[in-house]
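Look for chain A in each of the two complexes below; its partner is chain B in the first and chain C in the second.
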Partner chain A sequence: MAIKFQRVPSAQPSVAFAARALAIVLALGVAGLVLAARGNAPVELAWEVLSSTFGSSFGLEDVGLLVTPLILTGLSVWVALRIGAWNIGAEGQFYAGAFSATAVALFIPGPTWLILPVMFTAGALGGLLWILVPTLARAYADVSELITTLLLNFVATLMVYYVATGPWLDPSGHALATTARLPHDVPEFWGIVHYGFPLAILLTFVIAGLLNYTRWGYEVRIAGSNPSAALYAGMPFRRRLIVILLMSGAIAGIAGMLEVAGTVHRLQGGISNNFGYLGIMVAVLARGSSLGVLAGAALMGVILNSGIILQTQGITVSAVLAITGLILFFTAIGNELAHYRITRTEPAAS
Partner chain B sequence: MRAEGKALSGMNDFVPVHHASSEHRYGGMEVPSTSPGRYEPGSGAPPLVLLKGISKYFPGVVANQDVDLDVMPGEIHALLGENGAGKSTLMNILTGIYQPDAGEIVVDGYAKRFASPVDAISAGIGMVHQHFKLVTAFTVAENIHLGWSETPKRIGSSVLEARTAALAEKLNLAVRPSARVADLSTGEQQRVEILRVLARNARVLILDEPTAVLTPAEARELFKALKQFVSRGNAVVFISHKLDEVLEISDRITVLRGGRKVATEKTADCGEKMLARLMVGREIVLSNLRARQPGAAGISAEPVLSLKSVVARDDVGGILLDEVSLDIHAGEIVGIAGVAGNGQKELTQAVTGLRLIHSGQILLGGKDVTTAGAVDYAKFGVGHIPEDRLHSGLAPALSITDNAIIREYATAPVSKGFVFRPRLAAALARTIAEAASVAVPDFGMPMRNLSGGNQQRLVARREMRIASKVLIAAYPSRGLDVGAINTMMHYLVELRDAGVGVLFISEELEELFNLSDRIAVMFHGKIMGAVETASTDIEEIGLMMGGQMRSSAGAQAAAGKH
Partner chain C sequence: MDMIAGLIQTSILAGGVLALAALGETLSERAGVVNLGVEGLMALGAITGIAVVVATPHPMLGFVLALAVGFLVGCVFALGTVVVKANQVLCGLALTLMGTGMAATIGRAYSGMPAPATFAPIAIPYLSDIPLLGRAIFTQNILVYLIYIVLPVVLHYIMFRTRHGLNMRAVGENPAAADAAGISVQSIRFWYVAAGSALAAGAGAYLTLAFVPSWSEGVVAGRGWIAVSLVIFAGYRPLNAVLAALLFGLITSLGFVGQARNWPIAAPILSMLPYLGTIALIIVPVLAWQRMRRVMAAPAALGEPYFRDMR
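Presenting the complex of A and B:
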């Protein structure tokens, strides 16, 4: 009897799901082994992490705060992928959104009920403007958006460092590297979790609805899967590409606005916390599914929060990055293996 | 690449070598090269290749079951079967790409196991695939010597070319050693492929649909070369769908169906109908469909689609369509003959709104549509079965539903205003699949999971729904088996009888003659002439395909007959 592996063109959804669940478990297992080798007790650490995350509303609130930007940056990358584009620049657009919203809050006086919506709009516009040039370059000159969006991340990161340590530095002199506390807060929704959380979930459903229940969404689907087929049917591929990419930038910008106005309340260097890059991971984990964005963001939120807890146990924050890397790595392997079927064949009697 | 360049730069130490080749094995035989005689193996000579009880299983599929095949020295053995009959699997087993789950491969009386194509070629079995595996930026000589153990380590281009010329002469395959492959015609490229295999001392040459890309004249050249090759005691396995050429060239025919061998017969004892029946397991008549049934729409007086001096250019100004003028009437099928790449693709793009023409005019039902886009053409009632369905007509990774509705997604019932209704989309997809008689277990599964024949049927039915005036069908039978081709042809007839004008582009002259009311021939972007099918013959069309204008082609064909 021989065992053979046979590749099938498309994996069954149940197999694909199982493969990814297994990948996550394996990645955590490997991380546990490494911690054990280092002299930590992984089981106790895991218990510590689980009980302080899920054992109290405080833990869940912390996760909720982390999940909010992850949903949005994940959604940003995911939406660009619908038309086959890789927005690696959610990080930069996040910064641009936070920057624009801060500018509004610091320099336009007015009541919160008026300024907050203006900040929101400014955040979205900031993200949109940050992806505008890569979008046009891709649409009209076929310049890879992957490179251009990535490079602009560094520009945005440094720009925010500059203003937060220079021209917009807190004049009170208490802080070294942040702006003053913003006068307007996104109101809280549950504990310390602000209204950005339900808003992010709502936005995910709105976008999923647009893609699944409009002619426009159908055209995006075809164009993303095979641009030649879109041209064949006379669909305006370029227009759809432009709108999707601008949308992607705006969503990441909103994430930045909510982070600064809801969670941190000051603009500071490093405010993005790598949320833009982690969004790529959320989108990859989610694959085709919009609900997957929520699930992926939740998973990443729990992992990030675990990292904070682990830090209190003397484990560096880099360990958490390593764990997320492991998850992505095992997921990629799992996705590939889900394409294989194992068959047993009896050698024919000769 | 670097190693290659180095190998090409040094050239001084080349010594002309006489390689071991078929020559030494059959050295005693004198065969006049001009008229290849039949090679008669001595009685009791072992077959060159013997496959015994070959079986190959894929999950859920029996690709081959208990297949026997013997290839004798000196014969051209045709392997015939529908798509999915197991021809490719069998040949992939013989060339070491797959390993059989059961059965034996015997070469020259010795049982062999091929772990890879390298093993197969060293045992003298080589294959020329349908899609050539040449490096187009390299010269012919470089391609011949690429990845060949007998290529000297340090060698320059002139020596490579000399070696290639010597090989070409010995094997009687005319190639230009210094030409870049990219500059060669398809027929020449194929000769390079064959030379490449033969240079490695192949004694069994497997050809996968070799004539699909050739003009009739080039095909005749190929046949001549194959006959010479087997006259030296070698063998050819010839895979094909085309019954007429199989009957013309082969000595024996093996027919596969559903992974099993149905029959091996001497070609002399076979006829087209019998082979078609063996292939599909039932009677198939690919016959003249030009006659109208009573009640069918007649040919309209006014053309429904009219091209007037249409010129199309590529990005750098090269001529793609050269003053093309053509009328298609309602209720008429106009065939376009010609070797692929002579402007057929650009012609279909021009009349479906996918390419802006440089000058000239296109009229649809008398209305000027020269500058209209793809959506407009679809709206005006022009359907389009594209040349390469997987690349341009479908999104293979998306669901069958998404693919089926690509022409009607923007209109009721699927869409109402901006709102897209997935359930009604699925209902439309079901309707189209039923009309195409394609059994779809799950409309959410990706299109690429369907077989080529089913994909094409769905595309055809989808386009027929919108083709109220004209259908542009580009190579609708390409890659399909006899049964599916038959279905396609009847689809076109169904449209014609409903009063639709059909532009039917094909490389298969037999199809064109069976179906078209008129045949136009394209060569280098020009229409060489449009003739009534009833008043022409394959010879005349063939000459026009080779670049002769109508009048002279007609005269020459007529002269040839007397």
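Presenting the complex of A and C:
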């Protein structure tokens, strides 16, 4: 009897899931080994992280606060991937959304019940405008949206840094490099976790519903898995692509609006906390599943929170980024290996 | 006149970073592999360079060790993308996150420290005495001549004038045909990806040893992504890539000149120039010259893993 590895065109979901789980465990294992080599005690650190995350309501609230933007940036990247496009610019759209929402809050007077929805709309529009040029360039000139969306991240970062240190600097003089505290807050519903959290989950279900149960969503999914088949069937690929990418930008913009209005309350450089890049990780972990976006965001939230807890141990946000990269690398390899099937064949009689 | 000479001198110096990284990416992409990890490789090269010159006063050693680090990391990347044939976009993004994160973590000890030894400019006799622009062009560090003249000419010759180069381009255009002709698709891709990664890391070392020259978190600042865009703009050709890098360097140095001359534009706004310029330069030519699309097109099998038994 001989054992053969055979590659099949689409991976079995259960195998793909196991491969991703293994990738995460392996990456965390490698991170633990590096920590051990640097003289830390990985098991004790892991215990400290787990007990302070899940041991108290405060720990869970911290994670909840981080999961909110991660769901949305993850959803943003995930939506674009449905049609086969890479929105690597969720980071920039996040900044643009936070920027627009802050502009509304600082310069338009009015009661909170009126201004919050305006801020929300402004955030979504900011994200949408930020992806407009890459979208049109991809749709009409076939310029890779991956690179253009990414380059705009740097522009958005600089723009927010500029207004937070220059024209919109807190006039009270107490704060450096940040705007004044915004007069309107997204209300909290559980400890420090604001209503953005349930809103993000709701938005995920709405978009999953659109993609799974409407003709429009069907056409998007077909266009994503086989563009030429979609064109041959007469589906308007370009129009679907434009709408999906603009939607993707708007979702990331909403994430930025909720972060500035619900969590940070001031616009400042570095407000995005790499949420845009971590969103890529969330979308990749989720693969085709919308529930996977929520699960992926929860996982990345716990990992990001662990990094914050371990800051006192000399572990930085950069280390979390490196570990995320390691998980992504192993996941990519796991995704590919999940395509292989082991078959046993009887040797031919000779 | 002084201002223009200064502008050209800075453009050449700034373009060198992009040129070296873009030459590396050209090698990888011509063999059919998109390496989106350039940004991360540059960060690793940058920190390697600075760490070496802090320990020993030899910038050349720092540069060479950065090449070696890039080569090793490139081998790991090639293991994922060429041997296992995993998704190239994902592996590239992973490499960028890993490289950026690792370099920032290691680099905390070196933050803000100026490089104790750097590549000093060398005036080439006679040529640097040419009036007007002679000094600007021919008083540069040794790497500039290597990056702008030696490397692109050698690479152009290998890629377009030798049998081996034809094989390499065939692997990027049509791996199945190359395979049928007896060329090893896997080994060509593996070694060119590793070599390209080495050059990307070298570009990072150039950044901290010749251009900035100090380490700070975020010192790479998207130059890796600009280099990837530049390869597209240059139509995947090494000589074009170097000229394009010079143009991109000019855009970068306009921002420097603006800051030095106190133009009434805020520094962060001037810093946006390279990114906005890059976006414009990859969109506008496609719109303006539709016919150029075919001539400057990407290798046909770019980004696609090659499976022998799939037809």
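Criterion: the second predicted complex is superposed on the first by the 337 of 350 C-alpha atoms of A that agree within 3 Å, B and C clash if a C-alpha of one lies under 4 Å from a C-alpha of the other, contacts with A are read in each partner's own complex, and residues count from 1 in each chain.
Heads up, the rule we're going with is that a residue touches a chain if its C-beta (ideal position, glycine included) is under 8 Å from a C-beta of that chain, and two chains touch if they have at least 3 such contacts.
Note that the structure is predicted; figures quoted are calculated from it, not measured.
**Q** With both structures placed on chain A, which of the two partners, chain B or chain C, ends up touching more residues of chain A?
**A** The partner that reaches more residues of chain A in the superposed model: C.
**Q** So, A:Gly166: does it touch chain B (first), chain C (second), both, or neither?
**A** It touches chain C, and chain B stays clear.
**Q** For A:Ile280, select first, second, both or neither according to whether it touches chain B, chain C, the two together, or no partner.
**A** Second partner only, chain C.
**Q** According to the stated criteria, A:Ser14 is in contact with first (chain B), second (chain C), both, or neither; which is it?
**A** After superposing on A, A:Ser14 lies clear of both chain B and chain C.
**Q** A:Ala332 in the overlay: touching chain B, chain C, both, or neither? Say first, second, both or neither.
**A** Second partner only, chain C.
**Q** Which partner does A:Ile88 contact after superposing on A: first (chain B), second (chain C), both, neither?
**A** second
**Q** One more residue to check, A:Asn226. First (chain B), second (chain C), both or neither?
**A** In the superposed model, A:Asn226 contacts chain B only, not chain C.
**Q** Would you check which partner chain A:Thr312 touches, where first means chain B only, second means chain C only, and both and neither mean what they say?
**A** In the superposition, A:Thr312 touches no partner, neither chain B nor chain C.
**Q** Overlap the chain B and chain C contact sets on chain A and report the shared residues.
**A** In chain A, nothing is touched by chain B and also by chain C.
**Q** Under the stated contact criterion, what part of chain A meets chain C in this complex?
**A** Going by the criterion above, the answer is residues 7, 86, 88, 133, 137, 141-144, 146-148, 150-155, 158-159, 161-162, 165-166, 277, 280, 284, 316, 318-326, 328-329, 331-333, 335-337.
**Q** Given the complex with chain A, which residues does chain B contribute to the contact?
**A** Residues 53, 55, 57-59, 101-104, 353-354, 373-378, 384, 386, 391-398, 402, 406-407, 409-410, 415, 418-422, 445-446, 448-449.
**Q** In the complex formed with chain B, which residues of chain A make contact?
**A** Those residues of chain A that touch chain B are 6, 8-10, 212-219, 221-222, 225-226, 228-229, 231-235, 341, 343, 345, 347-348, 350.
**Q** Given the complex with chain A, which residues does chain C contribute to the contact?
**A** Residues in contact with chain A: 36, 40, 80, 84-87, 89-91, 93-102, 104-105, 108, 217, 221-222, 225-226, 228-229, 232, 266, 268-269, 271-272, 275-276, 278-279, 282-283, 286-287, 307, 309-310.
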